[in-house]
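Note that the chains take the letters A, B, C and D in the order they are written out, and that residue 1 is the start of every chain.
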Amino acid sequence: MTRSLLQHLVGDAEFEALFTDEAEIAAILEFEAALAAAEVEAGLVPEAAAGAIGTVISSFHPDRADLSDGVARDGVVVPALVRQLRAALGEHGAWLHVGATSQDAIDTGLMLRLARAISLIEQRLTSLEDALGQLGERFGALTMMAHTRMQRALPIPVSGKLSAWTEPLARARRTLGLLRPRLLVIQLGGPVGSRAELGERADLVARRLAERLDLGLATPWHTERDPIGEFGAVLSLITGALGKLGADVALLSQNEVATIAIEGGGGSSAMAHKSNPVNAELLVTLARFNAGQLGLLHQALVHEYERSGSAWTLEWLVLPQMVVATGASLRIAAALIGQISFQSDKPQ
Amino acid sequence: MTRSLLQHLVGDAEFEALFTDEAEIAAILEFEAALAAAEVEAGLVPEAAAGAIGTVISSFHPDRADLSDGVARDGVVVPALVRQLRAALGEHGAWLHVGATSQDAIDTGLMLRLARAISLIEQRLTSLEDALGQLGERFGALTMMAHTRMQRALPIPVSGKLSAWTEPLARARRTLGLLRPRLLVIQLGGPVGSRAELGERADLVARRLAERLDLGLATPWHTERDPIGEFGAVLSLITGALGKLGADVALLSQNEVATIAIEGGGGSSAMAHKSNPVNAELLVTLARFNAGQLGLLHQALVHEYERSGSAWTLEWLVLPQMVVATGASLRIAAALIGQISFQSDKPQ
Amino acid sequence: MTRSLLQHLVGDAEFEALFTDEAEIAAILEFEAALAAAEVEAGLVPEAAAGAIGTVISSFHPDRADLSDGVARDGVVVPALVRQLRAALGEHGAWLHVGATSQDAIDTGLMLRLARAISLIEQRLTSLEDALGQLGERFGALTMMAHTRMQRALPIPVSGKLSAWTEPLARARRTLGLLRPRLLVIQLGGPVGSRAELGERADLVARRLAERLDLGLATPWHTERDPIGEFGAVLSLITGALGKLGADVALLSQNEVATIAIEGGGGSSAMAHKSNPVNAELLVTLARFNAGQLGLLHQALVHEYERSGSAWTLEWLVLPQMVVATGASLRIAAALIGQISFQSDKPQ
Amino acid sequence: MTRSLLQHLVGDAEFEALFTDEAEIAAILEFEAALAAAEVEAGLVPEAAAGAIGTVISSFHPDRADLSDGVARDGVVVPALVRQLRAALGEHGAWLHVGATSQDAIDTGLMLRLARAISLIEQRLTSLEDALGQLGERFGALTMMAHTRMQRALPIPVSGKLSAWTEPLARARRTLGLLRPRLLVIQLGGPVGSRAELGERADLVARRLAERLDLGLATPWHTERDPIGEFGAVLSLITGALGKLGADVALLSQNEVATIAIEGGGGSSAMAHKSNPVNAELLVTLARFNAGQLGLLHQALVHEYERSGSAWTLEWLVLPQMVVATGASLRIAAALIGQISFQSDKPQ
């Protein structure tokens, strides 16, 4: 995958990798294999069929052009993908995707990838809090001038500034930890979310599926997107906290204020003397970006009937961007923290 | 207070009352009285002064015109209000607002009012879940046609539809319960958020203040608005869930679909035969409204320096509207649930 | 009407007056009187009836409680208002609101008020451009330090800064002038937007109605809200331009930068030495506010069927706020321009 | 360029091609070559140097890895790109980018690509209006049931419905035509937007540059993003109008309503009998997407100082997505119009 210049600036390779077609298809295939295996345990699918499904999936290379046509026609990739898989499975084909619908595969696949995203976010938050702690050890005892409403106010210790940067990150990390088990659950509802196609074994299949995928158990939630809306809010809280940090660094590193020095700022094509607080500015950009996307993600809460193509597709357009922006913001903040130093006691 | 026609449509009197000038000033006065009393306990303010402050505040009628001028000049009402109070207090005036800043009074005052708002929201959520439960008792065993992507799909029990409406509300109620103690805390930081003006008794004052106001304790959070951003998200999750309910009712009560009948729908000035699903439509309106406002509320996470007049004022413009919209949505949903009935087994 | 403290800060009395219930009802009554008169000219209504309608309307005091109940039930105020008027009209009652629907009255009434709003905006833009021109005469020849990406760059003349503030305002004024005739048109469609109820005289009635109300002529546009979306964009362009101006003033008046001095800044309840750039900050607030509302106003473009209660009500919640915020921004900018002075040639 | 599955669904290949790295770099190179040539005419650059610049640019293959590093460090690609070009130019290197800054190259490059985008949009709008006209010829005389507030109202001619779909598109096309010359202008300001580096020949260079690039002339507008904000609004008016069309088609093609039949709807992985109005739903998705992005694009109007890295980068994140979404919406609408037919006179 070639990454664009803009991705090098405000993206993040690890997070982008979670939202490629390859990652999405792999996650859907993982769902289908686990579903067949769970249905063997529930006595709904023959063991040989599940074995064949596992084997075919382990080395499956989809016909991409056919998938592209399929998604453009059907609005989701699953019908075409299931068709291709069934063709590859021959006689076992009918045992694939039993009792499931496209949304089961796609939503569960999303959760498999969000699990990885959340782990990455948590790691980066922890690292960042550590880095801020180290900054505190170096500079916390210094005094700096506080500003309120853009005017010089009174001196504060640098440790106070660092606390104001760190506390919201720590809170977001804890909120994310609380949300994790409620968010990362399987989707298994069948065509209209009733699990009717799986009969009385439905809940057993769901339990086994959740175990195999290391996801939580949940009743079908095709139209209940509130955990996703809540997740988006946490993402925006993180980028918002880092946006505040970035705004502060950009202000405090103004030549005239000079409370913070930034090593290795960005260069200009026209002014050789400039050292621009690029990373600080980008944190503000990503905060505003995610805030706006959050407003859109919550528009997608309004699902009509038992499945809304409109609202669901809107979620696809918005959520991955928010996750990547959050990863990028954490990456950039780490770089920025490594660049800055507070200058010796100016106010006194 | 005269309520506008629009407030009668999409507002809620109980929630609006929390955001009047009277309510805001009363909450600020409650803060100032409790602060003085707490400072007595910490030995920072003479008992007689705190007594005088309590007495003056208990019957204080501010000069509204002077407050209006003050807020337009200072950007916050507190400087003018403190000036008026000090004039009324005479010799005791200097003991008012000791070690505090405008933001301490306003943010703590907001929390006093949000405590009431959250209680109201929780009560209404519980009532609504009950009402949906009763609807389930009456109609849950019926069968209705499910629709996916706007097309007839397969039959489902009405109980499934009611679960999809109820579960997000129950989750939002639990999330709100978890957020409550983290959100409803005092603000006490002094001019630059360091509590320096209160010296070594600062934390004691904070503790006593929190006890008196029945709020939680917190380090100063002038620029850390993440709990407010998180609260806004819960509000939008509630209105989003009700927006989905409203969208469903509007669709299912179309004359051609007729799965739901609405008693007492709205009338038309031109078509006497119409019975419009006004309440259902309003739930969609309020969902979209709050979703958009949430995007703005998170823009206000980016505070510059130790206090941002820009970001803070933006919060004032957005948050009260979101709380009232949530209250209105809950009120309207309760009315709508009382109006609807599911029609007998159409799909079979 | 009592104005709230927040309205004294970020509102504007002249613009708020356009969106009171009184103003809305007066505009609806103006529509109904003009419609009856136009229908006399088209031979659809007896002259005596139109005379009675004009007389009753000229001194009509609606029963407000009944209107409040009506709007809450019907979703629009017009059915209740028409009922009250017809009761007052007795035998002539049937000649009121002939061939019209609620939306005709409300949308046309809105246009009557937006005509006034646009005139006010244009006047204030012109005044502001003049004030900026005078600032240029006083300070334009001075040199100031330009900053790019938050760092000192190279000197520029103050006139360059003033041009960057003025040009977008002048462009917005011209855009508004171009939009005015396309926006300010009558709405007359009848219940389903076909004018069928007025028969072959429909276009004549429309023409006469437009002439009487000094509005443009248009085919029915019940669900075509694009001119309103376009108007909202111009409002946000104005507040955005003033937000840029405010951001610059707040930055340039930092104590450390001191390129701009602000006379009469806001005071603090805790720091007597502060002079806060309150007006500059508010311009940023209002820019961000209107930008976010614009995103919501465009959500309201998606009207379903021939009239969407959901989308239309969303417009009511958003558009008036945007107009008032624009008026407030222009008012505050005028005050700010009167407060600032550029300091003598610092960079050289 | 490999297009993702999501791009096959809600993207558009022709529009995506305008926003690749290749397209951006090509446009920047076109700017640099034209600038050098214009500066020859103004006597600022030797003819031989401009010739060399043209030659080198015509076959230049940038070192992509170095550009990626550069953009991540400098926040813009131009410094690294100019460095590479100067290395390739040897002795002529100093004559490249004379008097220009990164923003001149990037903004002008954007305009070169928006010129193409606008032409494409205009073509597609015209085609769509034609297709709607043909639909009118086939079905306009039929009668259909109008619905207001989601309820059956009264019959209307199909031609009325088609007018309501077509008129906003025609208006957006005209608005775009009026905006075109104001939007599509060169950017040439030099490091701080004063053109000071080009001395008294600055305006001559600007004129020649504009002629060579077939763009309009404008004073430097580094921080004046209002024409871009206005363009974004027109994009959202287009997708909003098509979102209304999509919402109508999705509603009218409900099995129970059946006023519209859609040929070749999308299939389901679980319900073989479904024919989903995928294209209609996507139009709603893209309308809501662009509306939300518009709110963000207007947040980017608030540029601080003479160049805001934060606000400018936000524009980069939002505007290309809006243009592509608009192209996709037009593509999908054309497909949908080709799929639908109105059913014979149901209401009578």
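In this section, a residue touches a chain if its C-beta (ideal position, glycine included) is under 8 Å from a C-beta of that chain, and two chains touch if they have at least 3 such contacts.
Note that this is a predicted model, so its numbers are computed, not measured.
The minimal number of chain-to-chain contact steps leading from subunit B to subunit D is 1. Remark: among chain pairs C-D and A-C, C-D carries the greater number of C-beta contacts.
Centre-to-centre separation between subunit C and subunit D, using Cα means, comes to 28 Å. Centre-to-centre spacing of subunit A and subunit C amounts to 39 Å, using the average Cα coordinate of each chain.
Multi-chain contact residues, meaning those touching two or more other chains, occur in subunit C at positions 75, 147-150, 153-154, 191, 250-251, 266, 268, 271, 276-278, 281, 284, 288, 292-293, 295-296, 299, 308-309. Put simply, subunit C touches subunit D in their complex at residues 75, 146-150, 153-154, 156-157, 160, 163-164, 167-168, 171-172, 175, 178, 182, 191-194, 196, 219, 221-227, 229-230, 232-234, 236-237, 240-241, 243-244, 247-248, 251, 284, 287-288, 290-296, 298-299, 301-309.
Subunit A meets subunit C in the complex at residues 147-154, 250-251, 253-257, 265-266, 268, 271, 274-278, 280-281, 292, 295, 299. Across the interface of their complex, subunit D is touched by residues 3-6, 8-10, 20-21, 24, 67-69, 71-79, 82, 97, 100-102, 105, 190-191, 197, 246, 250, 264, 266-271, 276-278, 281-282, 284-285, 288-289, 292-293, 295-296, 299-300, 308-311, 313-314, 316-318 of subunit A.
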